[in-house]
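Next come two complexes built around subunit A: one with subunit B, the other with subunit C.
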Partner chain A sequence: MSKPKTLRPVLQGLGAYALAILATLFFAFPVFWMASSSLKSELDISQYPPVFTSFEPSLVNYAELFTQLDALDAFINSAVIVAMATSLAMICGTMAAYALARFDMKGKEVMAFEVLSIRMLPPIVSVIPMFIIARTLGIFDTYWLLAAAYGLAGLPFVVWVMRVFIQDIPQSIEEAAMIDGCSRFETFWRVTLPLLLPGLAATMVIVFMFSWNEFLLASMLTSQEAKTLPVIAANAIKPKSIAWGLASAAGVMMSLPVVVLVLLMQRYLVRGLTLGAVKG
Partner chain B sequence: MPKTQSADKAQRAGEGKIATLLMAPTVIVMTVVGLYPLLHSLYLSLTNYNPTYGDAKEFIGLANYVYAFEDGQFWHSILITLIFTAASVSISLVLAVLLSLLFNLRFPGFMILRTVILIPMLITPVAVGITWRIMMMPDLGVLNYLMGLIGIPPALWAGSSSTALLSVILVDVWQWTPFMFLIIYAGISSLPKTPFEAAAIDGASPWRMFVSLTLPMLKPVIVIATLLRIVDAFRTYDTIYTITRGGPDFATDVVSVYLQRVNFRFFDLGYGSALSWLTLIIVLVVVLLFVRLTGFMKLVADKENR
Partner chain C sequence: MGIQIKNLVKRFGSLTVVNDISVDIKDGEFFTLLGSSGCGKTTTLRMIAGLETPSEGKVFIHGKDVTYAEPRHRDIAMAFQDYGLYPNMSVFENIEFPLKIRKMPEAERRKKVEETAGTLGIGDYLGRKPAQMSGGQRQRVSLARALVRNPKVFLMDEPLSNLDAKLRAVMRTEIRRLVTEQGITTVYVTHDQIEAMSMADRIAVMYKGDMVQVAPPLEIYDRPATRFVADFIGSPPMNLFSAELSKGGRVVCQIQEFGQALDETERHRATQMADQHGHFSVGVRPEHLQCVAAGTAGSAEAIVELVEPLGQTTNIYLLSGDQRYIVVTDRTTVEAGDTIGVIAPREHVRAVARDR
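After this line comes the complex of A and B, so read on.
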């Protein structure tokens, strides 16, 4: 879209810059505030008027994360659960997506419906049966439960998005390989998969993000052993006293991996987030 | 879609089973982890199961559902959720369109600002809740301080029942406008240039171009972004739970928070399941209404057949 040239381009340009910077400040300020609070001592954090930059940054809160909140355990829990869930969703989902994209199959509409309905399902609806089943099977408060739950949440999403990415790869490339004597599997492994890598990576990052950030199921389906990072961060908020610095440090530690990963993968993000409907 | 085999699905002899094999793990996982719990919850909703009174449960038919219709607290939470969703999604949508138009000017440096704006949607929602709760403290919070600098009287934010809902809507708008912005910006930047050039030659005003060209062409993108946001806003839990836990005076008692209370404070699991199913039906109705009103399925079908 191009804007018509006007007589006052300079003024308009300045106005646009001012607006853009204002908008950026609005969205960036709370992030800055979280990061700076995490570096403040208890004294600095309860100062009024608030201190913006003139404080002695300290890593005390980060140290306390590990001594008081068992952040290391929670970090390992989060990492293991998310890794299990993501691999489950990615492997099963990509297989199904390939079948849907490359073979004529019945039940495509059913699949579409399942994808959308699981996407719509408020997790609070499935939490009770999961809670009861987990207690019956004795897997309450273990990795398996959350990994299965997150895997399920990610699976339909992966199927849907990967199907779009696979359809983007021309069938003729695969046919050429098969004519040259590759089996279907070899063709997928040597020809299709390398071309799919960016799409796979973007999908994986989104599944990772959802599982990593998830709090509702994690808070209700764990008690001691399998607590994830969002759960221990929320534990820093107690009814009477709130350890603000500690909670902020937990926030930074949780958010950092997602921010870094996603910003690296920006290019395919839109495609993935819109279930393949919008090209980025 | 025509039922003939399209060129993109050339299938070789004897490969019929491969497709089934490839689908099997997904179908199994979805049935065991997805469908079964859902049906189990439907069954529970017809009982008076409450583990605090032991594991015995009685089949009580539709009694839970009858009770739910008289449960003012539940309908209050549904109403709060609808207001929250409608307000948050529409404000985000307007902001996202405006931001997309602004950033589509593509001045030098805009790309970095655009990337910075995306960050809120990546922050763990619990952390978002914590941060905003710190900033919104009535006495020590930085928001009241900043407002004081430009002469606005301090607010109680989430601490007062009259402003609490607005406060959590603000937080949701802050976190999720970037999501809509990302999608709508992608939509705007892929619009064809020629119609705009033609309109400019014909002397159309920028406003006219926006209403008659940009918006209609953007409709599919806007509809998809809005639908995804509605679904997610309806189940908002993390931020509201960390900021207000539904209070004060139930002013922010969205349905997820209310259900959490029924289920895990009172352990009224039979009744909780019934409410969950009602919620699910309400979400479905809202989504179907939206889909109907916007012709969403047609948009999707057009995409498939392009």
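After this line comes the complex of A and C, so read on.
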């Protein structure tokens, strides 16, 4: 009699686990395939039926990545450009979001919408104007151009997301700080900012990933000096064939910093991404 | 002089929230702003704190014009309804914060924080985060944070309204004791008449942006200036009967016997407060009306609608003509459906102005 009663939740639990494992496999397999392909020779990659584990791992693809495609330069370029762009978007965006969230201004909503409207333009439309502007200013194929372009592209996102995070902080906390002797800026720095950390982390990871993976602008607005990782990764596609091993190695190298960043920020991220949902 | 408010006006767009109020709050006084929600009491407090800029008028604290000064330059402390504690800091850091901003040396800071926390009975919780505390404890932390730097002026915005009734009663006496001991000028905003009555040296009753009456609690209770004050203070509230002053100075009241009970002083007050049509109200507190046998000389006839025994007192709901009112007495043998007489003693009948 009692058997079905106790068995049922167990079965349900097993079912849930099975589903979860399936879903994980579904999402993890491409990552595994990319990582394993990066360690395979050209021959192993093109084998049919495909080999999963029984191959001789080699670092040839990685070596090629650095010798043929100048991956190290590109990595440094990417890192510098993305760091500049992310800081620009985060600093300016958060301050703008604070103003929009807290200050009494005329036409606040119009301004907020105006900021967002940059995102409504397809990026390709802005490539030619940006190219001309860059040429005139003499910043074509430099860090500055892409940093500015990515910073501007990330800005609206930061403004809108951070505005909500800031609005979620009770105003009385800031008012208490001002009564306790802080100026507006001190209040922001000492009281508001620490409370915003989860939100900042979540937003930053997204802005970082966007700039880190951006290809279109990078391919059009650089030629030699400021080439970023996505651009050289695309070079794995050669006129006659695709160098799968090389492309996979580039993919792994590009994913690593994102993975590291997400792991570092994980503590904040979980809170940041759910902050709006669960209050108090 | 503690705080001076001169012709203060606050408008939000076309809405006037605070309408030309002026008041002098004495040094060390416990001053309460009382009113229902939306009457402008919190906005007034926020203008004193510097969290809101007045549209017109001036605010002086200790003789200094601070109308446009930042909150931090006003030497005030404030307690908020939702406590306004810093959730990421421990209780100790919360209380320490104002001292830290003022760059007090660390040893001295620690001493002050421990001392203040001890006074408020939260000395054992200094390591906790606000989220790990109950509402009452959090409010103590916010009071400690306010008191730790010995402010001259303490502003409180409904600090007890998120607490349960029992705790509220305890905190009421405690707050009153703390600020009186330290001689702090206090402005206390509340919508709870019991808080106002029990704590304040003076109450300012606010209604639709106006300060309708500023007086000590018992005076507000005994001589409410307008219908709103009479209705707002006291539970059950004052009984009010429409009355009119005729050309010859005669009083015509809805219940004539009560109108005739107005004495000389009240009659004189009536002539001053009646509107252009001569309308005003006659008010009698429920506990002052006396039930007598029907037909007694000078009594108004009334039908008993309902008797509500509360133990200590009894509420009797009455109907005279089409006017309903309440009498509060000791225990009684009167029953619903009885016809009785009601007498309004001369010394307790008041003339009350209509609301603007």
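The rule is short, and it goes like this: the second predicted complex is superposed on the first by the 230 of 280 C-alpha atoms of A that agree within 3 Å, B and C clash if a C-alpha of one lies under 4 Å from a C-alpha of the other, contacts with A are read in each partner's own complex, and residues count from 1 in each chain.
Keep this in mind: a residue touches a chain if its C-beta (ideal position, glycine included) is under 8 Å from a C-beta of that chain, and two chains touch if they have at least 3 such contacts.
Small disclaimer: the values here were computed from a predicted structure and weren't measured.
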Once the two complexes are aligned on chain A, which partner has more residues of subunit A within touching range, subunit B or subunit C? B
Going by the contact rule set out at the top, does A:P194 touch subunit B (first), subunit C (second), both, or neither? second
Touch check for A:W212: first (subunit B), second (subunit C), both, or neither? first
Could you tell me if A:M178 is touching subunit B, subunit C, both of them or neither one (first, second, both, neither)? both
Let me test your reading of the model: by the given contact rule, A:E186 touches which partner, first (subunit B), second (subunit C), both or neither? second
Would you sort A:V82 into first (subunit B), second (subunit C), both or neither based on which partner it touches? neither
Please indicate which partner A:M90 is in contact with in the superposed arrangement: first for subunit B, second for subunit C, both, or neither. neither
Identify the partner contact of A:A249: answer first if only subunit B is touched, second if only subunit C is, both if each is, neither if none is. neither
Can A:A71 be said to touch subunit B (first), subunit C (second), both, or neither? neither
Where on subunit A do subunit B and subunit C both make contact? 170, 175, 178
Can you tell me which positions in subunit C touch subunit A when the two form their complex? 49-51, 70-72, 76-78, 80-88, 97-98, 101-102, 142, 145
Interfacial residue positions of subunit B with respect to subunit A in the complex: 5, 7-12, 15-16, 18-20, 22-23, 25-27, 29-30, 33-34, 36-38, 40-41, 44, 99, 102-105, 107, 109-110, 113, 115-120, 122-128, 130-135, 139-142, 145, 174, 177-179, 182-183, 186-188, 190-191, 193, 196-197, 200, 206, 214, 220-221, 224-225, 228, 231, 234-235, 237-238, 241-242, 255-256, 259-260, 263-264, 269, 272-273, 276-277, 279-280, 283-284, 287, 300, 303
Where on subunit A does subunit B make contact in their complex? 1-4, 13, 16-17, 19-21, 23-24, 26-28, 30-31, 33-34, 37, 46-50, 88, 91-93, 95-96, 98-105, 114, 118-133, 148-149, 151-152, 155-156, 159, 167, 170-171, 175, 178, 184, 209, 212-213, 215-216, 220, 229-230, 233-234, 236-237, 242, 244, 247-248, 250-252, 254-255, 258-259, 262-263, 266, 269-270, 273-275, 277-280
For the complex, give me every residue of subunit A touching subunit C. 170, 172-173, 175-183, 186, 191, 194-195
